[in-house]
Amino acid sequence: MHRMLTKYPIWGGLLLLALFILPLLLSPYGLSLLTQVLIFGLFAMSLDLLMGYTGLVSFNHATYFGVGAYTVAILAGLGLNNFWLSLVLGISIPVLLALLLGLLVLRSSGPYFLMITLAFGQMIFALAWRWRTITGGDDGLAGIPRPDLGLPMSMWKAQNFYYLVLVFFAFACLILWKFIHSRLGKAIVGVRESETRMQALGHNTWGLKYLSYIVAGGFAGLAGVFYVYFNGFISPQELNWTMSGQVILMVIIGGAGTLFGPVVGAGMIIILQNLISSHTERWPISMGIIFILCVMYLRDGVVGSALKLRKKGRGNL
Amino acid sequence: CGTQVDNSKDPIKVGLLVPYTGVFTSNGVDITRGVELYLNEVGYKAGGRDIKLIKEDSQMDGQVGLQKTRRLVESEKINILAGVVSSTVAYAIRDYVVANKVPFIISNAGACDLTREKGSEYIFRVSFSNGQYEYPEGNYVYNKLNVRKVVVMAPDYAAGHEKADGFMAGFKAQGGQIVQEIYPKLGTTDYGPYLTQIKNADAVWVHFSAADSIKFVKQYAEYGLKNKLPLLSSGDLVDESSLLGQGDSAIGIISALHYSAALTNPENQKFVKDYTAKYGEGPNMFAEQGYVTAKVIVKGIEAAGGKVSDSKLLLDSIRKVQFDAPRGPFKFDAKTQNVIFNTYIRKTEKINGKLVNTVVETIPNTADDWYKGK
Amino acid sequence: MLRLNEVHAHYGESHILHGVSMKVEKGSVVALLGRNGMGKTTTIHAIIGFNPPTKGEILFNGTNINGFPPNKISRMGMALVPQGRRIFRSLTVKENLILGFRNNKIKDNHNLERIYELFPVLQERAKQLGRNLSGGEQQMLAIARALMTEPEMILMDEPFEGLAPTIIKDIGLKIEELKNSGLSILLVEQNIHFAAKIADYLYIMNKGEIVYGGTPEQFHSEEDQWKRFIEI
Amino acid sequence: MKALETKSLTKHFGGLAVLQDISMTVEVGERRAIIGPNGAGKTTFFNTISGVIKPNAGEIFVFGDKVTQLPPFRRARLGLARTFQQNNLFVNLSLLDNINLAMPPNQAKMTPRDFLDNWGWWDKSTIPVKEFSYGEQRQVELLLALAQSPRLLLLDEPTAGMSSVETNKITTMIRNLSREITVLIIEHDMDVVFDFADRITVLNYGRVLFEGAKDEVRSDERVKEVYLGSVD
Amino acid sequence: MELSEIVIQTLNGISYGLLLFLLAAGLSLIFGLMGIINLAHGSYYTLGAYVGLVIIQMTGNFFVGLMGAAVVLALLGIVMERFFFRKLYKRELDQVLLTFGFAYLFMDINKWIWGGVPRSLPKPTFLEGSISILGEAFPIYRFGIIVIGLGIAVLLWLFLEKTRTGVIIRAGVDDKEMVSGLGINIKLYFSGIFALGAFLAAIGGVIGGPIIGAYPGLDFEILVLALAVVVVGGLGTLKGAFWGSLLIGFAETFGKAIFPDFAMFTIYVTMALILIFKPSGLLGKEES
């Protein structure tokens, strides 16, 4: 939003380059973590569109992620393994759902929005839990094969799959970046700041929120598609509020309203949690303390604070 | 992993994946204690090699469990995986484990398919398949307790349904009648509205575990049903760790399980004594399952002469393991690699001021084969 | 009553007040004038303790109150009519008023009655939420709320904004009355002529500094000295 | 053509009748002032016209189009712009971003930069609006409405909180706006009102008390009584 | 349903509703009134239950345990407000992260001290057993909950409505600085209300203990229930939390009785319906 962010794409480019080279240096386990970071980073970015830019903290973002994933899993169960079909449906079904739910939840705002989204999210969680014939119930669906793109390389190979995710990740970054810096994106920020003023200025604020909700849902669905391909498995747990809570934390830690910050947030949470919990059973204490320290010392999230520092360093406004 | 060269100086790595957070924390802890108790007994050695136990918290979440399994396999390069309390986690990691050819000893997760349709030569289960001991219980209550009409209650999740199915199949096979089935949600706080509805039955059969089991048993008594309708259950309801919280409300409950801390065979007496000495409280089924898990692993490695990299040899050796466990005779069903055990019908009683599950009947050699008759 | 000595204040990194010195005698009205953004509100905030000065002394009845929390300063007898009203939007009019009342019993209506006499419309609107008042009504409420604390001194930051001419006249009279009863007032005002009419002394502020001070008489005769700071 | 027409506009808040049967027409290019005591219903009148609140009865036409049921943003797209009595800005965004949001994408006659330059604000364009003083924010409030390139402009006390220099500057600039633009202004500053308006409407208790040219208003006894006070 | 069953289910609904009120009352102060998103509220509740259990076991007296736990948690509340929340008013996202951090911290500490085994709190002896109503049994303890729940509701209502405290807190949420400009030490009030919120959470934990118990994971279960009640009722109104509790209590109870298969849905369907038709909760004031 600020001018200082105009240099951002350069950093983004460098980061992408690093992401491109990293797999060559990482252990297989490291690579699998990195793949997850990309998937969750994408998921968190999509939520940031809602949280950071539109000012709507949604507690059912996992719904769209999970529905995208279930779509792919169910298609696979039907023997439909075409990647492009799964991709298209894995995005459009969450989008359709967002079109529907958006009509119902966007009447509320603030904490009420938080809770009505929670309510719908949990209903869909319960549905996945109970509708055993389609969803496999709480046992979930397993055995989803990696996608076959008709390319000479197998996606079962971790590196190949990683690069596939990376391509889509980069593409999504680009689209989201463009979106946020378009007139529409700026207008969405305006809605966050003052809805009544935006209306007086001739903007259809409800429409803007609705649009943002749907776009965010679509990208969450995309993340879900890769998630299920990566794990080969999906269960209702991924639709639960705990999952939504996790991404919310990723967004906050990385810095809401910084778009790429949440990717860093996702990286921090996934990597730290894995490192710490492998070393001690007391990982929740450690994570808890890290969260608390983040709040007390990094006001605007990791990336937000870094940007602030840079701004200070340059000594102008 | 199977391609590794066997360097017999290196320790054999065993991964243990159980929950250390969430509602089923205590099960994870109990299993770990059982495992460590046995490994201590053998000095963390088997087949002449050291054993290194690497513990991971599954958080009762399939995704997390899979991630942890990846770490164990890819980063730690474990030779054997053990543990897993929740069936969801077991299903989530099943394909990965099989694809990576890691022998997997299930210490608790009861989902039937894990040793049926989704069975694999890499998967062993030392605990139970859902319904395995509930089915004979169904027979028992019809024949020996003359119960004819039963209300069935279990939490609304896969294990709850499978266990209830096992019981109902056993009960109906003898001519019993199910008057009502109720599946409250997992983690229900208030069972009052359900208890108020129960009518026209000879008894109530339930499966609840952990915190739910305490809430349910206390509320069952509060609503005055304890003295009206006998409470029958799968053994989880009156797990030794729940009895303390349930108090006298638990007295008189009939349950079925492959274990009771009150068993009097020498192996169990030693187990209870050692366990209590080490941890300051008595063992329960989970502790015993952990203990047996470790013993299966150690015996298997020994039979394979420590050559864990020879996977065929190792799997064969594990499959053939047999010994006297605290629960009684232990062996695998060679076809499914699921355990065959004695089913104990127990009655919760207060003896010397302490609640125990006294064994009232032993049904030997229970395999997971009841469904075949369906 | 009130004296500022070389007061400096900052918002974050930006230095706003550069050594402001001024004084308000007991029972007098002092007006502070200046164009937008010159630091008038910052001065007021420095005095009440919202934005404590980074340097300098603020003596209130002889005590240096620099660094005191606002609630303490207020209890010493200082009240504020803030710029932009800042009434409590989710409280009713009456609740807004009783907040200023020092004796913690709600029942004592003595003060309320006097306030309602001055602003009858507030009584009519007593149960209405602050956010639903008209602009002028909010302004009246902000003045009334300050009076409820029975202060010795009031800081008024553009208190007449949005008030109808008749009301301004009424309040002008009320200020006269309060002044005569010993109340001191520091008044920030944009309307120079009006300020010169009711004040005993005037200061003009420019870019965080006091650039002029004088009585209304001097003020009228010395127009050439201050005009450029106000009218260019 | 008429820029604005209301027919029997009526609004109640609970038992309180805030607008009663207001019928008013404003010709294209007219400069109309709306005055009246605090709480008379002036802001509410603007709110119903701009669509922030729905009237209980009556109809509203903007340039001949019936807009009574339209949401606010549709009315804005007909060329209606308004300011708010209480600042309603994008306080965390820079001044430039504020203006960007206000300028219609294609039909804008100038770039945001030219616009800000024109009004003398370009040098502050990168500062977040929350760091402006109150009076400066009041000016931004007005800039936002002007940036919309409106055909019908509703100004709710635009000069409140501004220094006299700015007040003069603003009135001059509004007066010099093209005569294609119709302006309605609510003001309590009578200098501004009489300086600027062609016609004046006086509201009192939600009713039109008087409407006429400015000289007629000055001499009307009722208006003097309820609003202006005795002229001295 | 027979009459007797309707009567008992109604009693079930009331008692469950008031139990919900007990576990949400504290949150309705901290979140509803003060506007702090406290995701550690369930942790306060759980900690309260554990501390209460320890004190009851030591002293053998339920009410000593009740008050002891409440005081311990109130102190904890003061410390947390003073050193953490005070810096974070109006910064909702930071509050989410902070309190989530604390929720993790307390979760682990609880497990550390009390282990993973579910615990249950004893009842005071005079509330044990059940009485017969129209031939059906109903637990006496649930009458106790009804009485205590109503009692606390009335006391809180009196405290917030009949003293200036409620007004000061709401004003502080609107504009903290301005309140202090009126001579009120708003920090003290905020600390106080925060402490009271934690105090009430502990009361909920001990009173609810004999029915719900204390175990790992309880913290988040309670959190979701309490949030639901407070938000559905409408933020900032104690009455809202009260009616919200009763409504959800009834919906849950009769949902279980009439549609036992859909127990997983009832609470969320209720919430969604209310918020669709009243986007600011049952008694919440709509922002204009």
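We call the chains A, B, C, D and E, going by the order they appear; numbering starts again at 1 in every chain.
In this section, a contact is a pair of C-beta atoms (placed from the backbone, for glycine too) under 8 Å apart; a residue touches a chain by one contact, two chains touch by 3 or more.
Bear in mind that the values here come from a model prediction, so they are computed numbers and not experimental data.
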Query: If you walk touching chains, what's the least steps from chain B to chain D?
result: 2
Statement: Common contacts of chain A and chain E, by label, are B
Field: Pair joined by the larger number of C-beta contacts - C-D, A-B
entry: C-D
Between chain E and chain B, distance of the C-alpha-averaged centres to the nearest whole Å: 36
- prompt: Counting in whole Å, what is the centre-to-centre distance of chain A and chain C, each centre being its mean C-alpha position?
  reply: 50
Field: Whole-Å gap between the CA centroids of chain B and chain C
entry: 75
Euclidean distance of C-alpha centroids - chain A vs chain D, Å: 44
Statement: Each of the following residues of chain B touches two or more other chains, namely 20-21, 156
Task: Pull out every residue in chain C that's touching 2 or more other chains.
output: 132
- line: Listed in rising order, chain E residues that touch 2 or more other chains are 107-108, 264
Task: Provide the full list of chain pairs in touch.
output: A-B, A-D, A-E, B-E, C-D, C-E
Message: For a test of understanding, state which residues of chain E touch chain B in their complex under the given definition.
response: 5, 8-9, 12, 15-16, 19, 107-108, 111, 115-120, 122, 129-130, 132, 136-139, 141-142, 210-213, 215-218, 221, 225, 252-254, 256-257, 260-261, 263-264
- line: Per the touch rule above, chain A residues touching chain D in the complex are 1-3, 183, 186-187, 189-190, 193-194, 196-205, 317
Residues of chain C defined as touching chain E within the complex: 48-50, 69-71, 74-75, 79-80, 82, 86, 88-91, 95-96, 98-100, 102, 104, 106, 129, 131-132, 145, 149
- line: Per the touch rule, the chain B residues reaching chain E in their complex are 20-23, 25-29, 156, 182-185, 187-190, 192-194, 196-197, 210-211, 213-215, 218-219, 222-225, 241-242, 244-247
Message: Applying the document's contact rule, which stretches of chain A touch chain B when the two form their complex?
response: 27-29, 32, 36, 129-130, 132, 137-140, 142-143, 231-233, 235, 237-238, 274, 277-278, 281, 283-284
